[in-house]
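Common to both upcoming complexes is chain A, partnered first by chain B, then by chain C.
Then we have the complex of A and B:
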């Protein structure tokens, strides 16, 4: 009974207080909410401006002629690039194809190299984890230009033994993406109990390849997608190594074209960015699709 | 459900070191076909290592593993034909319960219809046929371990290995699942090695319990023998509770607090000894006013605890040592802290050690 009395008293005291302070409190809440909304709009506007102004400027420049008149010639050239016969278009097309092949090869090398190695180290050689981490993060500390000094003699050998094809850049790019891919995959492996799952799969009759393919990979799908994102973005935007080793990829091709036809190069840069964005979007959809279905 | 005849398992003189630590130190163990042996021991005694060596998840430095008369010491894990349930939840998170159970069958090339049928049977065996389409994160810990058991049994392995599968579960589920495991094991007659640190669990399900210490089996016997006739002080003190009471050995008998107690083999035959007496072999009698307070068997009650059908009383002897007695709850209720009591030891066989 005492409890009921206390509650009743509290309610009685509360009611007039809330009636008196209600509108004031509501006004205050409304003001705070308005300020927060305004702050959010300002932050988003500043960020959008930061990202969009250069892109809009690029678009503006790609369509503006010297006499300030407008022309869509650069964009027409971009649209017909695959079938164009002029040297600059062919150069860019070749660079684009090379870059896409390099993305595929780099991602494949990175996954084949890292996923089994990292899984094995977690299962059997945990003491080597720090060593592995150090080795994988090392490329981050070496500037690309220094890396090229070391890579040049190797690529001279590759050129004499295999060919001068730019696709061999995939080995150098696999090294460049190591630190980022390692971080992404490590986070994925950390989130699952690799050891127990691998042992369970082994006891059920799975081979080691089966453990990685059927058990580990599906459970680090998001991490693999992240590693692919990073690799894709890095390879599509890579210029230094390709340029210094005199190989053609998208970025070096755009640079060469920009010497003669800067508007075309700008239009290409925008398109390359859009393609990169679309690929990342597609990958993110692929990475989250299964999970969404599961729930 | 498919019933099969189990195979024999023999671990012979196994040795395994991790740096300076000898996890297994010449350990030997034989399991008869269809037998369930539980390895019990304190942390670090080597019980899990022994099971992992049998599973092929750990390599032995020395010794042999023989299953069904065949030496499998160097056979890789995936070729050993053993089902295993782990302490940690080991269901594959990206698969449903049904897919988890089908996993091993898929690896064996079984066709989809037969696979579904077998998986369904095994899920039914563990009482989870209605949860077949659930993922691990949609199931409780107990359900996950039951699916793991169904998955291990679905491949119809020669040997079932259970590595503390109940230790992450709450007490009630633990008892239910423990009984379910034993029922299934008896039903299908599979040779089973079960590792646990929970002695109640071990005594409840095992055909034989092996008590391990420092990489060796100290004693392996039926649960009642392990409890009532331990052959070493370690086993006596590890299984259940024991009181060390001073006594005098004379042949195969000892005198403890004025009572003649038969001694188990391995006890000293003469001189002063410590007799290991179970709490249920100690009786407490309230002292009447006329009793002699200087009697060797007198003590003061220092704590009582109610445990359901029975209770425990801690009493302090004149030499300051504590004695635990297990009594019926009604008897415990008659005692109070600070009360003077007389200790009476039941003449049940006990092990003694030299002082």
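Then we have the complex of A and C:
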């Protein structure tokens, strides 16, 4: 049922049977199309209401006081979040800073681990490709909540070796983004002729680091961007690992704040969702976005 | 020597993905002193964990099936729309975003909607004077509704490619041979789409089964789901966790999700036979 428009042209071009069907068949086709259009309107409207009402409610709730009067206090707190001195603003600001540091570190680990390894395996060890794919997709079958249970003792070691700082969550986050980043980068590498490019660069005297940095990376820019975007969205939205390992990031901070100041938390939630939405929305128009999501 | 450059990657994955998994599996069969035992598994028979298992399975199953049905309807509505039109592009993009939204914020959004002072609750009260009961939001049905918020979009994303793979010629062929719309759906499109539909439903099941953040933010007092049971064990509500309870529940979750994902992968291969 890939689009009635397509059906129309396809019928005209290569299936004379349906055009020869006469006016009766054409009328049937017309009713089908009108039914589909009505169906489309109903389904889309109902579901959009389901998806929009909670978001509108966040806005409504964050500005409504107990006596049903309106107040923008929660929103002015959101706007002045960087400079405010009250405990809840500072907590959220700290979480936000931590989360952004985590995004940077996670993206760095992800790219350093994946790009050279994936390139090398494509060039020299094609037999390992299935193994690497399997390993990278593994986090999809191991829920984060389960991973946390196994990570707890490892993070106790990290705490004594490094520190209890939340930034070390980046090690766990790099694992969580693995499936999505792998898919995005794999699609990028699939689209270029890595082998020829690498051979050309090598025969002109480039080092392997040069091949990765100057040849491969620039050629899979779009894939790298979408891998970064998806990592960004995942890390900014991560709650499970941080909360169970008692580290502060954006989500755990907002959750704690929601206990005493639900309006502020709801305003923040709406902003966070809007930013996440814009990021991923931008990503989905990159082209490889859907491939990266398809599980 | 050729393997050398891939070592950093495999070492990293071994340390932060395989080691935690191995720790979970091994600890589940260990006493606190480190010797092998099967007695930890007795936990799975205790009333709390048993009811959490049924809750989680039930919630995952119902939310997967309902998410799959509504998601498939939306996907079909999109498949019949102009493939390059704004409606379809926007909704597909929105779905790819919403499918990721199973976080704490989602719980806030629904509390703001139908919590005790939520928008809908308030509107109904000011119109009819009746204060509706909102406790169900923090219960099974509440979770079902909240989970639909990310299950339906996920279904759209995984099922739309299958619908796009259906050729209009198949319908024309059915009509030419005298088949009705019913014949087309029950004898042609239905059987072709079935493996894709079932495999997508399995994916939604695994998705709901593994979800934690939304439920954790919504239900803070009790632990009616397996994922929440783990929270209870980790955060030390049970003071003396001498039997590696968190690991046992975690193991149960891994086993179930793995079975579902293996079935998913098999059906997915089957589905691509016609719709590749």
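The criterion applied here is as follows: the second predicted complex is superposed on the first by the 221 of 295 C-alpha atoms of A that agree within 3 Å, B and C clash if a C-alpha of one lies under 4 Å from a C-alpha of the other, contacts with A are read in each partner's own complex, and residues count from 1 in each chain.
Methods note: a contact is a pair of C-beta atoms (placed from the backbone, for glycine too) under 8 Å apart; a residue touches a chain by one contact, two chains touch by 3 or more.
Source: prediction; values computed, not measured.
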Which superposed partner A:152 touches (first chain B, second chain C, both, neither): second
Touched partner set for A:234, first chain B, second chain C, both or neither: second
More chain A residues in contact [chain B versus chain C]: C
Partner chain in contact with A:275 - chain B first, chain C second, else both or neither: neither
Chain B versus chain C as contact partner of A:244, first or second or both or neither: second
Touching partner for A:167 - first (chain B), second (chain C), both, neither: neither
Partner chain(s) touched by A:142 [first = chain B, second = chain C, both, neither]: second
Touching partner for A:193 - first (chain B), second (chain C), both, neither: first
Which superposed partner A:219 touches (first chain B, second chain C, both, neither): first
Chain B versus chain C as contact partner of A:202, first or second or both or neither: first
Doubly contacted residues of chain A, that is, touched by chain B and again by chain C: 290, 294
Complex contact set, residues of chain A against chain C: 1-7, 10-11, 15, 17-18, 21, 25, 28, 32, 36-37, 39-40, 43-44, 47, 50-51, 53-58, 60-62, 64, 66, 68, 109, 112-114, 116-117, 120-121, 124-125, 128, 132, 135, 138-154, 171-172, 174-175, 178, 208, 233-234, 237, 239-240, 243-244, 251, 254-255, 258, 262, 265-266, 269, 272-273, 276-277, 280-281, 283-285, 289-290, 293-295
Chain A-facing residues of chain C, complex: 2-3, 5-6, 8-10, 12-13, 15-17, 19-24, 70, 73-74, 76-83, 87, 89, 91-94, 96-101, 103-106, 108-113, 117-120, 122, 148-149, 152, 157-158, 161, 163-169, 171-172, 175-176, 181, 189, 203, 206, 209-210, 212-213, 216-217, 227, 230-231, 234-235, 246-247, 250, 253-254, 257-258, 261
Interface residues, chain A side, partner chain B - complex: 192-193, 196-197, 199-207, 210, 214-215, 218-219, 221, 290, 294
Sites on chain B touched by chain A in the complex: 55-57, 76-84, 86, 88-90, 92-94, 103-104, 107-108, 135, 148, 151-152, 155, 161
